[in-house]
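As written, the chains take the letters A, B, C, D, E and F, and residue 1 is the first residue of each chain.
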Amino acid sequence: MTIRVVPGTANGALVAAVAAVLGTEPAPCEVERFPDGEMRPAVAEMRGDDVYVVQPTGPRVNEHLVELLLLVDACRRAGADRVTAVIPYFGYARQDRRGRAGEAVGARVAADALAGVGADRLVVVDPHTSTLEAMCAMPVEMLTAVPVLAAALQPVVAEAAVVVAPDLGAVKLAERYASLLRRPVAVVRKSRVSGGLVEAHDLVGDVGGRPAVIIDDMITTGATIEAATRVVVAHGGAPEIVVAATHGLLVGGAIDRLSALGLQRLVVTDTVATPEATPLEVCSIADVLADAIRRLYRGEPLDDLLVHG
Amino acid sequence: MTIRVVPGTANGALVAAVAAVLGTEPAPCEVERFPDGEMRPAVAEMRGDDVYVVQPTGPRVNEHLVELLLLVDACRRAGADRVTAVIPYFGYARQDRRGRAGEAVGARVAADALAGVGADRLVVVDPHTSTLEAMCAMPVEMLTAVPVLAAALQPVVAEAAVVVAPDLGAVKLAERYASLLRRPVAVVRKSRVSGGLVEAHDLVGDVGGRPAVIIDDMITTGATIEAATRVVVAHGGAPEIVVAATHGLLVGGAIDRLSALGLQRLVVTDTVATPEATPLEVCSIADVLADAIRRLYRGEPLDDLLVHG
Amino acid sequence: MTIRVVPGTANGALVAAVAAVLGTEPAPCEVERFPDGEMRPAVAEMRGDDVYVVQPTGPRVNEHLVELLLLVDACRRAGADRVTAVIPYFGYARQDRRGRAGEAVGARVAADALAGVGADRLVVVDPHTSTLEAMCAMPVEMLTAVPVLAAALQPVVAEAAVVVAPDLGAVKLAERYASLLRRPVAVVRKSRVSGGLVEAHDLVGDVGGRPAVIIDDMITTGATIEAATRVVVAHGGAPEIVVAATHGLLVGGAIDRLSALGLQRLVVTDTVATPEATPLEVCSIADVLADAIRRLYRGEPLDDLLVHG
Amino acid sequence: MTIRVVPGTANGALVAAVAAVLGTEPAPCEVERFPDGEMRPAVAEMRGDDVYVVQPTGPRVNEHLVELLLLVDACRRAGADRVTAVIPYFGYARQDRRGRAGEAVGARVAADALAGVGADRLVVVDPHTSTLEAMCAMPVEMLTAVPVLAAALQPVVAEAAVVVAPDLGAVKLAERYASLLRRPVAVVRKSRVSGGLVEAHDLVGDVGGRPAVIIDDMITTGATIEAATRVVVAHGGAPEIVVAATHGLLVGGAIDRLSALGLQRLVVTDTVATPEATPLEVCSIADVLADAIRRLYRGEPLDDLLVHG
Amino acid sequence: MTIRVVPGTANGALVAAVAAVLGTEPAPCEVERFPDGEMRPAVAEMRGDDVYVVQPTGPRVNEHLVELLLLVDACRRAGADRVTAVIPYFGYARQDRRGRAGEAVGARVAADALAGVGADRLVVVDPHTSTLEAMCAMPVEMLTAVPVLAAALQPVVAEAAVVVAPDLGAVKLAERYASLLRRPVAVVRKSRVSGGLVEAHDLVGDVGGRPAVIIDDMITTGATIEAATRVVVAHGGAPEIVVAATHGLLVGGAIDRLSALGLQRLVVTDTVATPEATPLEVCSIADVLADAIRRLYRGEPLDDLLVHG
Amino acid sequence: MTIRVVPGTANGALVAAVAAVLGTEPAPCEVERFPDGEMRPAVAEMRGDDVYVVQPTGPRVNEHLVELLLLVDACRRAGADRVTAVIPYFGYARQDRRGRAGEAVGARVAADALAGVGADRLVVVDPHTSTLEAMCAMPVEMLTAVPVLAAALQPVVAEAAVVVAPDLGAVKLAERYASLLRRPVAVVRKSRVSGGLVEAHDLVGDVGGRPAVIIDDMITTGATIEAATRVVVAHGGAPEIVVAATHGLLVGGAIDRLSALGLQRLVVTDTVATPEATPLEVCSIADVLADAIRRLYRGEPLDDLLVHG
């Protein structure tokens, strides 16, 4: 069985990097786009191969999701023996339950569509919903970027620093950082005021005079990070604030919002394509993905790469 | 069982028109859009209802397709007894087979995704692939806009006119127009020259001195219509050319291209939303859709509304 | 369509109560048990009926789960038009992800088995995993017992009381109590020390001199409650401690452990059958379940009964 | 993985030929027939093998289809690692849509039945419906016999010959012949007169004084060929008419009807078993099928063997 | 919901009789047969109706099975709310397990094909395999013709008669007759001698001087009945032998074989169409089928019509 | 592909024995049990392996069935290439049809649940329902312990012995013993008297003065064996009675009941765990299971190990 890395268009640089680590080339794959917005992928035949389609479903999420479905379908028809969808960022993961009776459950919709085209296995990184694997019909390997990011932060994080979770949902993630960095954890608690606006209002733990390492799984508009930064400062945190997240979606003016905060460092991975000229530092997840793919291909254990529940 | 028409956002005017014909209001439905491009629909609970989600999947096709999947999922969870997806224009229908071994079959991907969210029945209008119903797990009612368009053309089409199919794929459609208009048919034959460019080169039938009614199922960039017009003119057709099509996608400069042709009339339906200030005449398909929905709701036969194979 | 409430054996008193509220009798149903442990249910034929099988899958969870599968199968074969599995306590919900690569995802296994026998819809109460509905192929209505429990607590909770979440996973639940009781929230944070033992170590929020209302979704062995109680006391909480939880599984010496704590009150619901002679106060969930069933039967909205995500 | 060619009884000579080309023997397989018409196949165990069941579903189509289903079922139970159904002629392909609301879609029924017994992949030759692969749950390789037939015709077709499509549905096929034979195309157009009878009435293209090569995908009763021949003659075609088709079903008096036409040659392939004493020339498709099977077994590309959409 | 009885062609007289009992007409349904053996059914639209397709799958079993699949597909697409396949004789039921590793399991193949076209429920009569319902994905109502046949036999069976099972597989059936007729049971035991031939060799129970009532579920070639008759005679049974069976397939010379036996009476039902001029007495099953259909339509219990396990 | 034998907890000794015969160790596997009765299995990763989960579903059947489902799920997620569930005793097999309209079909429920977790193949031994394979979506290999038991009996069975089937359902099994032991068969016939009690009443065949070998597929409470013994004695059988059965469930006082019979020998296999201090002789089925697993792993024929239909 030959290994084959099929590049979606959502993050070509990452696919190239993954293939390079694996000592191979991305498989020939063209995705034609028609004037009406339809896409038509074409891959080389891959009969009997062990295929990894790499495509994060970050913005523009619907384009990237449908492209991924078409790619998996194309690979299956082209004779792939096994198709693993490697989705470094899994979009619609926030829709993991209904907020009210008339809503959709987008995470399940995406999972079922992937099952419908015959994906045999998924590989994701730090999914927003920690129970993603229970929502999918096929096995899901949930990798984590925390060791990569923690290693990048280690040299620059002061002895006195504290890891800050910007909301309760991020506490487990913060503890994973804290364990690797051997630093304590503090937590920002948000509360909803009438009208539905989110307001950060409290901070649990001691940040007084200490540099904060604010972490999250993803940065979308930057509003959560901005709020957390303000809370840290209001509680007397030191001005040298570092921010780290696995997924840097950075939409809706996020770059400007974050630039205005005067952060010491802002570190994300390349699970989604990032703009070139930004204040971001980007740690590549390519080694982790390539390692996982290599092990899956060789039939070796993945456990130490996985998020632990 | 209450009837309920759920409005997707792809063509709000059409849904409103359909609901009006049915003497009802579109069901409450909001589709929230997040800065990262994700959508979240919310409908009112509809327990036990007979639900019709109306959403063409024209440009931007991927946005509209995913929105449709989410809407059907939301309706099912909200208690709908039966969910019919009314898709006046069914995108990805051209991908009804592989052009080469490594391609996807997009029509099947879309059909399976709709099955995955639990759509019980589809209603479409003049689908590009005439065998669409064989590709879908659920029953499909294939309606036609030809009677509506033919009725609009009848008063303005000269006695001597000839119906022109712009390529072989449109001949059956042309014959349906010709039968209603009681006019003969002519056919443009295209051939592919080396390099893959399409060139119109021949015309079967007599158009000399006669006004042509060029018809097609859909107009995308207008290139096919433009070529057919040139062939008609080159074969001595009269200058009063009329063009009619069910789906007016009109992307990639189509409006400009068609405007330059000096057409007498350009008629489409509103299966997809059309720009306001255009040379288009738009015949509404709302009555046909409402009629089909009413019959499905009441359990009456649809046969006379259907495309006949 | 006739409504029919089918009684599983896991909690006969609850089914009887639900049926009584609905003004009906539990449907005839016998579950034979053979000497080798196999069960064989027999229901009356119920052709065209709208059927609600009521069976929590608390201890002995495997017995109750298999019985539920057999009951749903029996109802489907007996002609039920629609089978809703009402599972007040959904066992295996804690297995909503793998802790390491070689584990099972029990929640999904249970969900798929229920889909396999043809359950059309699930109704659950305060499931341990908040994304349960995304794990199930059929729609899931996630009801909550918090209003019932909060109403029971309201008269006896002091003005100065504080709602205490015994761990981070319970914070959202605590906030729902706090909102109804109009009291503040405090949170116990647990950390894992080497060897895997759980040790409560911190308390966020002010409990000094104030009566605590410790809440949780379920009480299993009582160890979490015991630890939280100790933390509250250690932080100067008032001795009048109240404990409330939706599901009182109370296994492994839980009664003794909780009795030793000198709690002022210990309140649970009857989602699972509770021992008769205990210090427990039991608020019945029967009204809530009956209300949900009645609305599903009548096709009325359920939203205000649901857990909000 | 061992390759194994399982012979259905519909065309034993073809299976033997395919196996011979592959340098193997047909796998042991007996199909018992009972007095009441039931069949029971028995194959040798084939654990871990790569299995190709070869069975066209031509007349008697229902017998051959059910036998194929039973054979695939038998192979799967006998341990086959992968079962490819090689269906040189795919029956019920004409039922690819409803002609009116109350009809069946036989192509989909056949496709779903094959999916139900667990066929992993289909291989077909020149299917009547060009979108067959979109109707099947499993991948379908659509091979073509045109190069084989064109090679057989090449030496005997006059320089001045013209390829004739007997109806519009055959134009694409005619163009594939024309491209290989480097001859022009003419098209017979049929129209339906009242009463539903088919009457050939027109011919597009120049056949005056030229030998015609009338082609079609299949010859059933020969009526279409007969009509086309008459049109060709009526338009002044030369008397040396050649007819070629992939599938020679030849039922309902076809042999007599065709013999009366005085054709120069009548060429078909052996996708379905042909009578021995006929005016037919039979070009074997065995090499093409064996080539496709060999490539599938070895994991080599098939693209150049496929019908191109 | 309107009731609708759709007539397959396998036994038109039975469908007419069933419809008559129900006070209705068979639904309009034509099954076109093409010269190549393909069938195409067309039914009237039946939106929202409760549909019963009546078609035994006796000889020619494959024709009748495929016709049934097409009919169910047609009804589903024509808008039926529920499709019940009424299969008075269920062919391929003898293939309920493999006789050796390489065989098919035809009963499951048929059951899965019926599930594939969307049959919601099956109704069968005295199926050859008593566990048929466990092989089908949808619920199966297993009716019995024994009361009908026993009632017909009652007046003509002598006081001293004994019910004879012609092999062990028929003992339970014999006991059901015996219970209704209040007669004892005797059993013929067959043993296989080398070479695979079946030879009747023993008789358990006392038939000396008594008239035998030999019963079976089905008569195919009559060989089993012939052998049993010989055994009965050899053991001194009285010459007035009566034979009864639910299904009279009567193929392979059965009529001649049975006529030669000099039976007093030979009684079957009309589950399959029987030849007109035969020594058979035919008891109609139409009342039983109509009764079952009426109850299913009305939502009434069927239990007393069912075979009891 | 590495072979891997995963030990369920239902019969650890058997799994160890199977693994030993195969020259391997049981795969690392722990099944944690929580105080509320939930189980959580954890296996080592087994990427690309050929996995055999060995777990009979005897008493306590529900515990063992759910454990098996969780184990298969765990193996699939842990990367197994193929998961075969080896179920030496298949519980719920007696529920292979409804006894009345309101019952469940437990065998199908169990089969579907196993399909739901993705078991690729089943291996069972002498299942109670002989058509089990037709009830399961995946292939089932039905092994038999009769040769093992017959070999153990051969030396101790007297020349004059007769094999006795304790009821009609066991006759085919008895014939398989008789064929191997070269002894004749006798049959006990039970009849139901009013009130539903089972009473043995008759014996077909000659046991006078001869030692009986009473056989059955399983011994549950021993009541059937006890009754058969009495009948044998009453018919003059010799006092040296031997009893043999594949499955020794032995619940509900079976040991005491059987001990009181003064049997010469009582032989079962170890398909289910048997108590240590019993009068039982246990013939291990480990060699048969290991042989079957080895052949499946190596791709060799199994036919001579199978029950023949």
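Rule of thumb we're sticking to: a residue touches a chain if its C-beta (ideal position, glycine included) is under 8 Å from a C-beta of that chain, and two chains touch if they have at least 3 such contacts.
Keep in mind the model is a prediction, meaning the values are calculated, not measured.
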Listing by label each chain that touches chain C and chain E gives B, F
Validating interface symmetry: for the copies chain C and chain F, is the fraction of residue numbers used by both over half? Same or different.
same
Just give me the whole-number Å value for how far the CA centre of chain B lies from that of chain E.
50
Where the centres are mean C-alpha positions, what is the separation of chain B from chain D, in Å?
33
Report the inter-chain centroid distance for chain A and chain E in whole angstrom, where each centroid is the mean of the CA atoms.
61
Touching at least two other chains at once: which residues of chain F meet that condition?
44-45, 77, 79, 98-102, 105, 108, 133, 301-303
Full set of chain pairs in contact is A-B, A-C, A-D, A-F, B-C, B-D, B-E, C-E, C-F, D-E, D-F, E-F
In the complex formed with chain B, which residues of chain D make contact?
96-102, 105, 107-108, 129-135, 141-142, 168, 171-172, 187, 204, 301-303, 306, 308-309
Note which residues of chain B are touching chain E in the complex, please.
133, 139, 295-296, 298-303
Of all residues in chain E, which touch chain B in the complex?
44-45, 47-49, 76-77, 79
Residue ranges of chain F touching chain C (in the complex, touch as defined)
34-46, 58-63, 65-67, 69-71, 73-74, 77-79, 91-92, 94-95, 98-106, 108-109, 112-113, 115-117, 220-221, 249, 251-252
